[in-house]
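Below are two complexes that have chain A in common, paired first with chain B and then with chain C.
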Partner chain A sequence: MEFSITDPFLWETVIQGLLFGGVLALLSLGLNLVFGVIDVVWICYAEVVMIAMYSVWWFHVVLGLPLLVAMAGGIGVGAVLGTILHYVVIRPILDTPPINQLLVTGGVLFFLQGAATLVFSVDFRTLGVSLGSVSVGDMFFPWNRIAAFVTSLVTVAAIWLFLKRTYLGAAIRAISMDREVMPLMGVNPARIYLLTSALGGALAGLAACLLALLYDIHPAIGLSFGPLTFMVCVLGGLGNMFGGFVAAFIFAQFIALGGYYTEVEWGYVIAFAFFIVMMFVRPQGILGARN
Partner chain B sequence: MIGANANLGLKLAGLVGLLFVPFLASDDYVLHIAISMLLWGFIYTGWSVMGRFGLTSLGHGAFVGIGAYVVTMLWNQAGISPWIGIPVATLLAVMVGLAIGYPCFRYRITGHYFALVTLALAEVARLLIVALRDVTGGSLGVTPDAVVGPDVPVSLAAIQFSSKAVWFYVVLGVWLVGLIVWRAVDRSMMRYGLEAASEEEDAAAALGVRVTRIKLVVTAISAAMAAVGGALYGQYQLYINPETVSGIAISLQIVFAAIAGGMHNQIGPTVGAFITIMLAESLRQIFGNQVHGLDVMIYGAMLVLFIIYMPRGVVGALAGRFVRRERHVPARPAPA
Partner chain C sequence: MLTLRNVSAGYGAFQALFDVSLEVHAGEAIAVIGPNGAGKTSLLRAISKVIDVTAGEIEMEGVPLSGVPPHKVIELGIAHVPEHRRLFPGLTVEENLKMGAYLPSARHLFRERLAYAYELFPRMKERRNQLAGTLSGGEQQMCAIGRGLMSGPKILLLDEPSAGLAPVIVQQVLDLVRRIREEGYTVLIVEQNIQQVLRVVDRAYLLDVGRIRMSGPAAELLENEDVRRAYVGL
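Our next item is the complex of A and B:
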């Protein structure tokens, strides 16, 4: 397997990596939003995604609802979970050291994982929806992945517009800039926090809809892509959504190309090692300004 | 009021009590639980050596994994005794800890970032073990070649003992050394420097605290303890796999247990091991065989409750109560 720029398999790998980057970018959005505004890392973020994936599966396969309705349901479940998570678990300890908030959501990680095992058992569930694939020359790209990629681009744009162009978005940005002063300006932080958590949960739900198209669902799926999501967010600069977006594509290429030249695990090892090195080179994230 | 002598007496009584555990244990299962508590208690104590100063490492899974796998690989592949394997693994874990720690401390990576960087380290360790499956056995795990059996009850060279009672005393000794190390750090000048640095790093540095250096010292101690614990775990269980000795799950477990018990007390992390193992085992006994997942669910809920209502841990909360009753002063100065 030598390097060749005309190798169609190499190009296929690169484009697959690009599409995978879209999924990662979408995954990182909710986590980044929540961190940027509330200054909390949801270690259980991937588990919220996992529960939302199960919801989509349950609505579609068990209840027989149309796929789009089931997906809307999944997004709703994500939003509700995010709200509950903030209200029940994070709100009581907002005044304690931030690391406690990170750890408390670690407890939620086990809780959700156990709950999923209890309710849905450890069997693999699959949505059983195939959208076919598109072929370009010798290369094949499944529509599922293309849909995930396009959705993530649209969502990033929508979130950006929401934050920049709406009153509520401005309030959210203001709170994330100065927690002390904004309450004096008539913004109720408690409400903004709840709203942000609901939005973060809904974004997790949206990511779940697309992941459910791509992967089998099982209780440990959160552990498999959770760490990756954190790395993407930190590499982009925690709370920096655009940075996370760029980082997602960098990571995806490492994994895709690493998997192409060696094995999938090596792709991950290289990506994580790259992450650790980058943390020392640019601890503020690839796009962040050093403060 | 508990005086210093009474305190020492209590400790000695506790220790003597522990010496009799193998005679009192009704069966091997009870003894196994006791050994697990002490072994993990040792690892948790090691974590709290650095964790109590705000250095919340989620990467200790990597050190435990290095300890378990390096020793087992050297033994299985090259026949090198754990007596050599353990120092090698410990040295390697310390080097990895310093390599990650130095840039982190130098560039002031703290809080969330430190937790997430170290989490990446734990995942790298797990993925490396999986990726090197030709040597390590991958996700299926690996069994250290056993030399003990019906004919050979004890192999000192391989650190393998068929008797759980022997294991209990070995682990008890290691655990005691762990407590002594914890106390030594607690009594050292480093402690004041680290506490100052965890409050206000610039001010501490300005006062002449060599922040990076003392952080590296506790990191090295902590990593070494985790590696030794991991190595012993492998030799005791005679089975290790990447999920049980490395990765995010085990790292979180280490942090939780130390916090649940109370990382600011010498005995706290061990109490954390006691609580978490008793909780996991009793939940498994009650629900495990019929209802999968309920035990993990309750475990998670308990952790959430612990962190919300008892952030100083069980021992911390109890000690706080005693101190207040003794001195009739508030534990903390009133806010200005």
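Our next item is the complex of A and C:
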């Protein structure tokens, strides 16, 4: 295909990539937060998102609650799941070798997938909400995606302000630098961990609300964006929220433009190849500090 | 104000303190001196509940600390400036000071106390937006002491504030300690720099291998032949 800067399809692709990048940025936020603070990787993060997606669907379609109420419910379910995950699964193994954390949260991944299959069956579920689309010249953008993008940016900004301005936010950043000294400041580390897990879960829930607007829901949906989320986090420097934000947009452009110049599947292949190369060039992530 | 009665404490199977009794009165500056490994840091950690007290009692203004969880000790008015300063390297100077004012009771006084800390340490004001990890050793110690003061404590526990600093800076830091106590704070300081610290405190305890060997007015210990020979190396 010829390259032309005035090609409206090229511009549409770039902007679609930008919108997708916003969703990826939001997805990576919760995982990065939990890793940065507690030093634990929730392998089952995308499955928490999946359960929250089902919750939104259940509240809205089955119970007939208004969409925004159903979404608030989905965020709540995410927060509760994050809290339970920390309290029941993570806390008992906090001081054991890191491999245990991967193993148990990996186990939770299959548990949640199996549970979702049992409860909701393998049928595809859909919210059935279409907000229409907006056209700019020859380009079309669905409002669903624009809403997801804007929500992502607002959330990322809100989290940043929260971490930068509030006492709790400062404690969340501080505990990742020196956990032992926290009690001397009057901070109970166990409480910060629990709150961070709830917040991470709530962010997974918010991402679920936006994904439910864009995709059908099924028990294995976590597998389609779980690896992507991890790669965004690692590419940005695991635990580095700003890095994850930048990496999300880079990754989304690789997928969008790669798909535009070849085929959609090849977009992912090119993005993953880029990831592998980057792991050799900058294993600490784009903005990660050398450790 | 702060009383230790026959305290034994340690880390797991290792016992660091044996039968230690000590008393700090309001307005006093007290030093605990002794060689490396004497248990000085453990003493402060036992007060802050960072390590377990296996026997004896610690009381702050008559309140026994035995049932108090570690993060509640500061609420009783005990601020602990730990060994090696332990600032949050990725937070700015001002954010570190903010962490010192984390207690709900301290938050509404944050502005006033910040102004006070900056008045005490003008250098901190200049560097307020700099990451704490990029400060020099002496500046880090100022920041750490400032962070300790932000909760508005009744007593300040200082763990080896001169450790790892150049000799010139050590004197500056100990001058700081003198100023802190002139501001009316009660101070319990632990130091290896015996000669210098004895010039800024009222009384001192000599700790060796986890036991109190000697105690008395600072001037007396400074003149004591045994102390000079065994611990100061003169």
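Keep this in mind: the second predicted complex is superposed on the first by the 290 of 291 C-alpha atoms of A that agree within 3 Å, B and C clash if a C-alpha of one lies under 4 Å from a C-alpha of the other, contacts with A are read in each partner's own complex, and residues count from 1 in each chain.
Convention: contacts are C-beta pairs under 8 Å (C-beta built on N, C-alpha and C of every residue); 3 or more make two chains touch, one makes a residue touch a chain.
Values in this document were obtained by computation on a predicted structure and should not be read as measured data.
With both complexes superposed, B is the one of chain B and chain C in contact with more chain A residues. In the superposition on chain A, A:I15 makes contact with neither chain B nor chain C. In the overlay built on the shared chain, the residue A:L194 is in contact with neither chain B nor chain C. When the shared chain is aligned, no partner comes close enough to touch A:I84: not chain B, not chain C.
Touch criterion not met for A:A147: it reaches neither chain B nor chain C. With both structures placed on the common chain, the touch criterion links A:M139 to neither chain B nor chain C. Of the two partner chains, chain C is the only one that A:M177 touches; chain B does not reach it.
Once the two complexes are laid over each other on the shared chain, residue contacts for A:V61 go to neither chain B nor chain C. Touched by chain B in one complex and by chain C in the other is not one residue of chain A. Within the complex, the chain A residues that touch chain B are 35, 41, 43, 89, 92-93, 96-100, 102-104, 106-119, 121-122, 219, 223, 226-227, 230-231, 234, 238, 263, 265-266, 268-269, 272-273, 275-276, 279-280, 283.
Here chain B touches chain A in the complex through residues 54, 56, 100, 103-104, 107-109, 111-113, 115-117, 119-121, 123-124, 127-128, 130-131, 247-249, 252, 255-256, 259, 291-304, 306-308, 311, going by the rule given at the top.
Listed in rising order, the residues of chain A touching chain C in the complex are 167, 170-171, 173-174, 177-178, 180-189. Interface of chain C with chain A (complex): residues 48-50, 69-75, 79-80, 82, 86, 88-91, 95, 98-103, 106-107, 147, 151.
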